[in-house]
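So, here's a batch of structures to check.
Presented sequentially are two complexes of chain A, the first with chain B as partner and the second with chain C.
Coming up: the complex of A and B.
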């Protein structure tokens, strides 16, 4: 088991280095982080030269990449090219916002999806099952950004026509959220729509997994044995079937959670939510490799860690799985 | 993914076909039934062959494709979806003839007009007929999606086939490469690549690659991995089979064995995956275009139409609603078609209800 984990980690590091080099090259080759500054009539030639020198922008790209590695390791991902702003504090702030969004939506989605999946499996081919299937198909065919916009359209028009403001449709850090109950209320009003948007896709896919794994379990021999020895149906379902049916879901959820921590890019953009995803898109637009790379490192590490958690959890929950 | 009771759509002959799907495609199903009971002709001919059991039961032989077609056409939702998709494709191909206006024509008396008989999808802030813009956007988006699907299928099949057929070092190299692409943080690579390679036409030597094609190339480069793994798996298991050995013994070249003997056995999964890639490509391209990294103006795409409509505090709801509905319609239709194809081409899969 330990050797398996170590081998996986080593392989992940190789992937990480490869990915970081590819993306650094992409960003550096085709964008000039100084282009915006150069267009400003007030920016002096000396300022531009200083930045060029400080960030080694006149060196070839592989050399710049090594400078970046040095900066990332010794100086907490370094500073932005323009403004010399430390990157780590910004990244921590947006990560906090993304965590609020992702944890809330994934938790709610999980509860709802498990309920839907179990009920669909127990009443296979019932009206409820068909309704849930239809929902899943439509949910998976709906672009996330469009769903977010449609929710906004709905509530904006409610506001325009009835002057009732139920949810805020944008911007998390504009006003002081207050503390205690005020904080909670503010967050619910701000995050409700993005959470709903994220939830739909998660529910659509989780409930399908839950349904099929529950179906597989309730048709298995040991469940028949449990029934045959006269256990009450409720106990058979809850103790014997349900718990085992959850195992495959653990993997899916862990993987999805890991990738969502990189920011639900689309959802955050639609709702102008100051999270990881919007940060990435903005920095990408600015063409500055340093924050983009910092984002990439944090996100990729999350994905790798949650991949590993998914594998280990699976091996722990299902003793039939062996790693060698 | 839609599960129906097996009894509802199982042909009486279904049971016998499972073996065929795993074995080979070129022979009629009935020729492989009970060994002694069937009067096997010298050369199994195509559809229409009549075989007689000793018991006197008449059995009509059909090719595997005939069975697949029958199964597909019994999947009502898939057939309806196919009709929808064909209609949409028709509209997209003949956009210039079908669209009531050009995508840049302005009707300055009706600026930002709500949907009406004159402009069924309304008009945008520049007075352009939105139905026409959606039709031209559909044309771009569908074109990109099919391009991505075909290209990534070609790449995935080629890499999977070579890796699975030759095995050893080649297999190892190709599969590590596949794993690398698969484990790359897809979104980050996609967005950076699109942001920095896909924003304008690129020149490679004498060839100019248009911006739309660039987006297609980037998507295809990330989408082939799943198929490569599937194809490799089938090749690994089939290359040791007797029919491959026989082909080799009769002097067939590697290329001929790969293309003529093994590849036909992978058609099922390839076609299903290819279909589903179209749906994924539509959704991803829409998201890219929405974020501003996808198809660039003046070319209209469904995703960028939605982004353009995200103005004026969203009071102009029709600008956001209609292109999105079209995307949902396409993605839904393609998923149902993929579902029907899976049931039709790969009957073994359906057993896991």
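Coming up: the complex of A and C.
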């Protein structure tokens, strides 16, 4: 097992290095972080020269990449091209916000999706099953930006009709968020709509996986045997069927979770959440390869780690799986 | 069994619902504290230091202009009005240009220290320090000396280097000498600022979410702010800004042109102001060797401008959709140099009215053949003129811009009906601005210039012979000389006279077609009184000290 993990981690380092070079090249070729400054007729030539020299913008891309590697390893991902602002504190801040959003939405989505999936499988072709299937297809087909906006419109109208603020439509916290319980309440009111937006797609997808996985398990021989032995239905479902049916879902959730930590770009933009996705978009628009690369490294590491977690969890849930 | 599952599912949903909705639903709608106005903006300042390149954003100016005020600020008519100065600065000598100004006796920093000439000197030294990433040193580089006597400053420029926008330069917000001494200016005021010279001071910042200013009670150079606080909330998506506005999460905003503005206009809870700004769209004509030879003929350029209904373009883009209230709010642009709200604006291009019959008559008079005799809707006859060929021009602009696409469609249709063909050559902004525009390999190029109150003074760069940004390769010696002279004329009246003289010549030449000025918008809840749209970088907070808010 340990050998397997070490081997996977070593492979991952090679993948990270290759991905970092490719992305650095693409970002550096496609955008000039000084373009906004250069477009201004009165921009100071000395300033442009200083930044160019300081950030090695006049060097060939492979050389600039090596400077970035040095900065990333010895200087916590270095600083931004314009302003020399340290990247890590900003990245840490937005990561914390994205974690709040993703953990809450994934947990709630999992609870609801598993319940729907199991119930749909146990009552296959029932009215509930058809309704859940319809919801899943609608949920999967609904664009996130549209759903986000519709939720905003709905709760804005509720506010206008009843003069009661249930949820806020933008930002992470209120003007005066307070402390303790007041802070928590404020945060819930601000995160509720983006959580709902993210949950819809997750529930739609997870419930389908859960349903099909559960259907496969409850029709298998060992479940039939368990029933034939006279075990109560509840014990058959929860002990024998449910645990095995979870295995495929674990992989999907782990992969989805890893990629969501890179930021739910659309959701964070619609709800003005200061998270990883919005950070990435802003930095990409600025054409600054340094913060983009820092974001990439963190996101790629998350995906790799959660992939590994999924594989290990798979082995735990299914003892037949062996790691060579 | 079925019942139990149903109960379990219902229970789970109820638990989740109550976790989210329960505590929230009991909450009263949040009204901002008395005397607080919340401004929503789509961009967040990365630093609070607007002198350095990182802070060179409108968002920084909007948030910081009530904190670090200038000797003078631009009002809603883009006219400089004294704030920290005790009057308008005076020219002592025209050559070498020598000016003097004084800070008000009661002008002081928020920590109680007096604002003096030493602060201006510190500003000059800071800007000229090559170690700092100052955005622009234009005008400062040519200063020969700065002499200080208490609150009075005398600035002299190098001989022959009189800076036309000298008044805007000396009116810059002074930096506090006692705060910048020995500091790394690139790092200063990155996330907070502990000093103020204006009616508000920095209170707090939650990065990615908001920035809060509080009233500066030590401010004595002008009327004290009536509000307790101004809060800037950062919402990058424009549709979300409108939702936040409707739900009272923000009260003031300066949105991008969006159709939601039309609905907001009809809502009595909001006041919408719109007006021309400093961004102007125009069609440049190429005079260089790679341009179409026909466009080097004055009579053909004159025909071209008369063939496009510029008033209709403006109406189609902004008036008919309801974005601006009336045509009066967005007059047809008749000058490349001054904007319609500026004091020295003259409608120099008003000599060219839309007249399709004139186009045909002009081209016929020039000996062109093969075109229609009368304007025809589905015309396919294109003029051919002596020695310059068919009047079929490449029309270059950025792709993916709906307003530009619509402008092109209108111009193409109108010109086609009088026998002039426009062939689209759209491309990504990076390519057309980075490669095509400087190459001169185009016939007609439509884009926007971003100007400001001082940009008229530097018109030579755009339209003078050999000007740095004269991508048209246009050169009229007489106009160019006037523009050059204006660049070094410190008296604004005299300078405007020269610029308007030059533009009259340029208008006859039709070297470029002014299309429209992009309107700016300011929306405020009617509970907030006082916001007035300001077309300059000063932003809508220019008069924030006069704002009031009712519950």
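Assume the second predicted complex is superposed on the first by the 308 of 324 C-alpha atoms of A that agree within 3 Å, B and C clash if a C-alpha of one lies under 4 Å from a C-alpha of the other, contacts with A are read in each partner's own complex, and residues count from 1 in each chain.
In the analysis below, contacts are C-beta pairs under 8 Å (C-beta built on N, C-alpha and C of every residue); 3 or more make two chains touch, one makes a residue touch a chain.
Computed from a prediction, not measured in an experiment: that's the story for all the values here.
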Could you check whether chain B and chain C clash or fit when both are placed on chain A?
-> clash
Determine, under the contact definition given at the top, whether A:88 touches first (chain B), second (chain C), both, or neither.
-> neither
Please indicate which partner A:61 is in contact with in the superposed arrangement: first for chain B, second for chain C, both, or neither.
-> neither
In the three-chain superposition, say which chain, chain B or chain C, touches more residues of chain A.
-> C
Please indicate which partner A:72 is in contact with in the superposed arrangement: first for chain B, second for chain C, both, or neither.
-> neither
May I ask you to decide whether A:297 touches chain B, chain C, both, or neither, giving the answer as first, second, both or neither?
-> neither
Please work out whether A:112 is in contact with chain B alone, chain C alone, both, or neither, and reply first, second, both or neither.
-> second
Mind working out whether A:317 is in touch with chain B, chain C, both or neither, as first, second, both or neither?
-> neither
Partner chain in contact with A:153 - chain B first, chain C second, else both or neither = both
A:305 contacts which: chain B (first), chain C (second), both, neither?
-> neither
Looking at the overlay, what does A:278 touch: chain B (first), chain C (second), both, or neither?
-> second
Could you pull out which residues of chain A sit against chain B in one structure and against chain C in the other?
-> 30-31, 149, 152-153, 156, 160, 269
Write out the stretch or stretches of chain A touching chain C in their complex.
-> 30-31, 36-37, 40-44, 46-47, 50-51, 80, 82-85, 90, 93-94, 97, 108, 111-112, 115-116, 119, 122-123, 149, 152-153, 155-156, 159-160, 163-176, 185, 188-189, 192, 195-196, 233-234, 269-272, 274, 278, 282
Across the complex, what residues on chain C touch chain A?
-> 1-2, 5, 8-9, 12-13, 16, 20-21, 23-25, 27-30, 32-33, 36, 38, 40, 46-47, 52-54, 56, 130-138, 186-187, 190, 206-210, 212, 231, 233-237, 239-241, 243-244, 246-249, 430, 455, 458, 461, 468-469
Chain A partner contacts - residues on chain B that touch it in the complex = 1-5, 180, 183-185, 187-189, 191-193, 195-197, 279, 283, 286-287, 290-293, 303, 306, 310, 313-315, 317, 320-321, 324, 327-328, 331-332, 335-336, 352-353
Under the touch definition given earlier, write down the residues of chain A that touch chain B in their complex.
-> 12, 15, 18-19, 22-23, 26-27, 29-31, 124-125, 133, 136-138, 140-146, 149-150, 152-153, 156-157, 160, 208, 212, 215-216, 259, 262, 265-266, 269, 280-281, 284-285, 292, 295-296, 299-300, 303
